[in-house]
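In what comes next, chain A is part of two complexes: it sits with chain B in the first one and with chain C in the second one.
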Partner chain A sequence: MLEFTFIEEDDALQVWLKGDLDIEGTEVVDEQLLPKITSYSKVNIDFKEVPFVDSSGMGLLINMVDEIKNTGNTVTISNVRDEVYEVFELLQLSEIIGEEVFV
Partner chain B sequence: MQEIVSKGKSLDEAVQNGLNLLNTSKEQVNIEIIQTDTSGFFGVGKKPAIVKLTLNNQNSVTQNQEMSHFNLEDWVETLSEEITTYEKDGIAQPQENVIKEDALKGKAWIEDGKIGVKNSSERYPSVSISTDVFLIKNGEEITNQNTILTEEDEVKIKVEEPIIKETDWNIKVEEQGLKVTLNVQPGQTIYKHIVDQEPNEHVELMAEETIEKTNTLKLEDIMLKLKEFGVIYGVDQDEISLATETLEESTFVIATGREPQLGEDGWVEYKVETSSKKTLVENEDGTIDFRESKSIPSVEKGEILAKIHLPKLGIPGLNVMNQPLPAKQSHPVVVKTGNGVIEVENQLVATESGRPSIETRGLLMKASIIPKLTHHENVNLSSGNIKFNGDVEVIGEVEENMTVDAEGDLFIHQSVSYASLTTLSSILVKGNITSSTLEAGKHNMLIIELGHILRNLHQQLGKMLIVIEQLTKTSAFKSSDFSINGLQPLIKILLEKRFKGFYTQAKQYKDIVSKGESNLDEEWRRLAIDLNQTFLSLSNKIIKMEHLNRIMMSMKELADISDIPVEPNAQITISEAHNSSLYCSGNISVIGKGCINSKVHAGGHLHIKGILRGGEIYGRLGVTINEVGSRSGTKTLISVPADQTIFINKALEGTILKVGSVSYKVNDTMDNVIVKLNHNDEIVIEPYGKEQSYA
Partner chain C sequence: MYRRHFSLENDGSANDRETKTLEREIKLARNIQTQLLNGHEPTVENSSVTGLSIPARLIGGDYYDFYVLPNGKLRIIIGDVMGKGIPAAMLMILTRGAFRSAAESTKGPGETLTAMNSAMYEDLRKLSSFVTVLCADWDPATKELTYANAGHTLPIIVHPENLLGDPPKAKGVMLGGLPNTVYKEESLYLKEEDLVCFYTDGITEAQNKAGELYRLDRLNDCLLSNCNQGIDVKDIEECITRSISEFTGDCAQRDDITMVLLKVNHDQTDITSYNSPVI
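== the complex of A and B ==
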């Protein structure tokens, strides 16, 4: 099950995801994470503890990045595991949500 | 001291023999005559001449020393009257042998694998040793390549041990058990032995190989292996015994199964003429005799159109394991009966009179009767527009603002003015065409366009399926949500960027289909719905892999159908046209005076036998025109695709020729030219012989 922890610093938010970003994480992302992170001008999401993803999870991620960008805030994603990044590459995710998101 | 007694038929001969034995000359010896020759009487009392030669010089001959030990008297006693008895006691060598022995001095030779040497006071014979021979001299192996030998040396020669290779074989079951092959590589033993050498001062000690082939393969070995493979059918004992005997590497087919016999697909035998190509026929004087235009094939109610032959089943085969091999399945013809046709006991029977139309695509067959409407008057306000699901023949004119819309062939006997003619098949107009629009075979143009899109979509979808497969193999990717949401979330992401073009083209397909819906078969419409549900809308339908595969197949089938060349039935044949627009997916022929200020688009070849003045014309498969251009300077444009050519008998100044995207304006009147692109994409204009003009 997906969980997350966070630290806020002024208008910046650091989020650590823990668990698989998959269909079961839909509620966590849409109902808990998304309302929270749209109110910070700078957000970083750490993927270090995300070992697996599925296509629904990718949909959630794209949606989340789009929402943040729509509010004019910036979002970055860090520490993506190699094997997860392989999935991102196959889907050309960096071209969908923007190269600059990955740090 | 050296002395020798020799004899001969004459004194001279006796002396010479003695000298030869001593290998010396007269000057070197003292000669003593022991007995002169006597001829006798008829051979009785005949005696040879005998001489004794004594060497002056001691050094000259050594090996004949033993001669000196002979008691001369004894020797003379033993000399018989016959010269041949000479050899008898083996002490005195025959002359030749003595010479030979002499010649051996200082030489070595090899005979029967042994080395022989004769010493000489002048030199030692030398021997060179090749790498595969070992020379042991006095108990020591000579490692140098060269050495010298004397008679006193104790010499042994050795060669490498024989190399033995065992018989190698293997059995393979091939072609799904239809064949068992046995490959045998016979064994061999390579023996080395020393090559004989003539006596020489220098000899080479070398070995030569002889190869002896052996085949140790046993019948039992093979049978055991066959049993292991479970081979029990079609074993060929003869080949097996050949295999056990062969001394050359070879492959034997030692068992064969029985191949399945192919079935035969069903087929259709036509009982009536169905091709309905109809054109105007030109008389020898160049005029057109419309009465001679070919008649339309037609059938009466109850006539048999075609016989459907059932597929023949194949006969299953048997593999060498005695298991059945299924024959390739044969398929029946799938018949879709349309209007006016029923299927009765594998025969197609017309239930209406009209023109038979039978279309086959692979094993799919569509048969229908196209009814014919004959309109005996003009088409005008009082008759109304004509829209008919079949052939239409108008005996009169088509008047202002009227339309004639036929699904079959359209035949207008008189003129067409300010009107519109549409058909899926051919148009034939005998009269003038003025300010009208003619469209033939629209349907086909549509299919070609859709086929082109489908080909791209098919390719893209194929790539998409590969990406999906790659994803599911990626370690960090979970495909668990496929069972809940299907593939749609994934497809959505893939269409976002990676297959962006797919979305656009799928939408294009859907739009074209919805526009031309009435002219398209169900398969095309169903695919449009499928594409929409799967890729274009956010439906809740769960999409599975099988679904995508089905779409793939459907795309391929339809794209292949679209590849079938433009049907020859779609064509326009007219006499002349003014200010009109002609559009046809097949050929267009203007066989009367020509076209004035008209727009002409032919999906096939465009042929204008008369003149072309003003307007724009296009022939996808080329254009042939007698005379083109306008003295008044009205714009006249002829265009063809880049790979096609334009033939013109006479082109007037100002005409614009366009091949592909390259244009050329005629500056001076040209006669008999062929216009095309060269490999640099430049327009070239070449002359051609008049006789080619209507090729």
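== the complex of A and C ==
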């Protein structure tokens, strides 16, 4: 089950995700995480503890990044595991959400 | 008291009726999907093809299809719609429609994917969804396999001498990812007895009770140990499903499992006709 922790620093938010990002994480992302992160001008999402992302998780991630960008704020994603990054590359995720998102 | 009891009973039977209606509609939806998905496997010269999709839930979001082109080539598509269950199944029908109409009017798999993305992009963005697909044209006359990729896994090529092939990498953004996407084609030539396995990640990401994934290595091993000369594609398909089932055991299926197998048979074209004297 997907969980998250966070630290606020002024107008920035650091989020650590933990667990598989798949369809089971829909409510956590859409109902808990998304309303929180759209109010910070800078958001970093750490993927170190995310071992698996499926197509539904990919959709959640794309929507999350789009929502943050639509508010004019910036979002970055860090510490993506190699096996997860392979899936991101296969789907050409950086072309969709922007290469600058991955740090 | 009586009124209350009556009212509760009434609510209960109304709920039962609604549940039954919902169950009936899901069964009908499943029938529609099964009928559309499991169409007749086409007969193609010098090759055999088969496709199989096992949904994780009552209905699924994986998709495969065949389309025989007027020039004798076979256009194959395999795809995975984001999500699972009924929402994914609805988008799968949309994908099928886009493929069927694009297949008729496009020259190659790259053009087919471009047309499908153009047709589906706005709907998919509106629904915050996307679809990964791989589309391939098989030419049984020249034995050339040409393909284009929209974010899907590449097929596995198995040669009869128990070697895995190395298909040229074709990359592309998934359908619904970016507008006006042009998909580049790659191609390779197959030989007699070569096998091509197109698959969705429901196979490689099938999980056992220990939380381990089936992974590509196991699928490769299964294909290598079962692709004996002369073996029928249906038998290979059965070997793969048995291998996954033995691996996952009692663990519930997490994602839809779909594969398309294409095998090049020995050339059976009757060449005597070419050598016969013209009388």
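Just so we're on the same page, the second predicted complex is superposed on the first by the 103 of 103 C-alpha atoms of A that agree within 3 Å, B and C clash if a C-alpha of one lies under 4 Å from a C-alpha of the other, contacts with A are read in each partner's own complex, and residues count from 1 in each chain.
As a working rule, a contact is a pair of C-beta atoms (placed from the backbone, for glycine too) under 8 Å apart; a residue touches a chain by one contact, two chains touch by 3 or more.
Treat the numbers as computed from the prediction; the structure is a model and nothing was measured.
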Clash or fit, chain B versus chain C on superposed chain A: clash
Residues of chain A touched, compared between chain B and chain C (which is higher): B
Which superposed partner A:L34 touches (first chain B, second chain C, both, neither): neither
Partner chain in contact with A:I23 - chain B first, chain C second, else both or neither: both
Chain B versus chain C as contact partner of A:A12, first or second or both or neither: neither
Touched partner set for A:N63, first chain B, second chain C, both or neither: second
Contacts of A:Q92 with chain B and chain C, given as first, second, both or neither: both
Touched partner set for A:V84, first chain B, second chain C, both or neither: first
Partner chain in contact with A:V53 - chain B first, chain C second, else both or neither: first
Colliding stretch - chain B into chain C, listed as 73-81, 181-189, 541-549 or 595-603: 541-549
Shared contact residues on chain A - chain B and chain C: 23, 52, 54-56, 58-59, 62, 90-92, 95-96
Interface residues, chain A side, partner chain B - complex: 20, 22-23, 51-59, 62, 81, 83-84, 86-87, 90-93, 95-96
Chain B residues touching chain A - in the complex, by the definition given at the top: 467, 470-471, 474-482, 484-485, 487, 489-490, 492-494, 496-498
Residues of chain A that touch chain C when the two form their complex: 23, 52, 54-56, 58-59, 62-63, 90-92, 95-96
Parts of chain C lying in touch with chain A, wherever the complex brings them together: 80-84, 128-130, 132, 151-153, 171-174, 177-178, 201, 205, 255
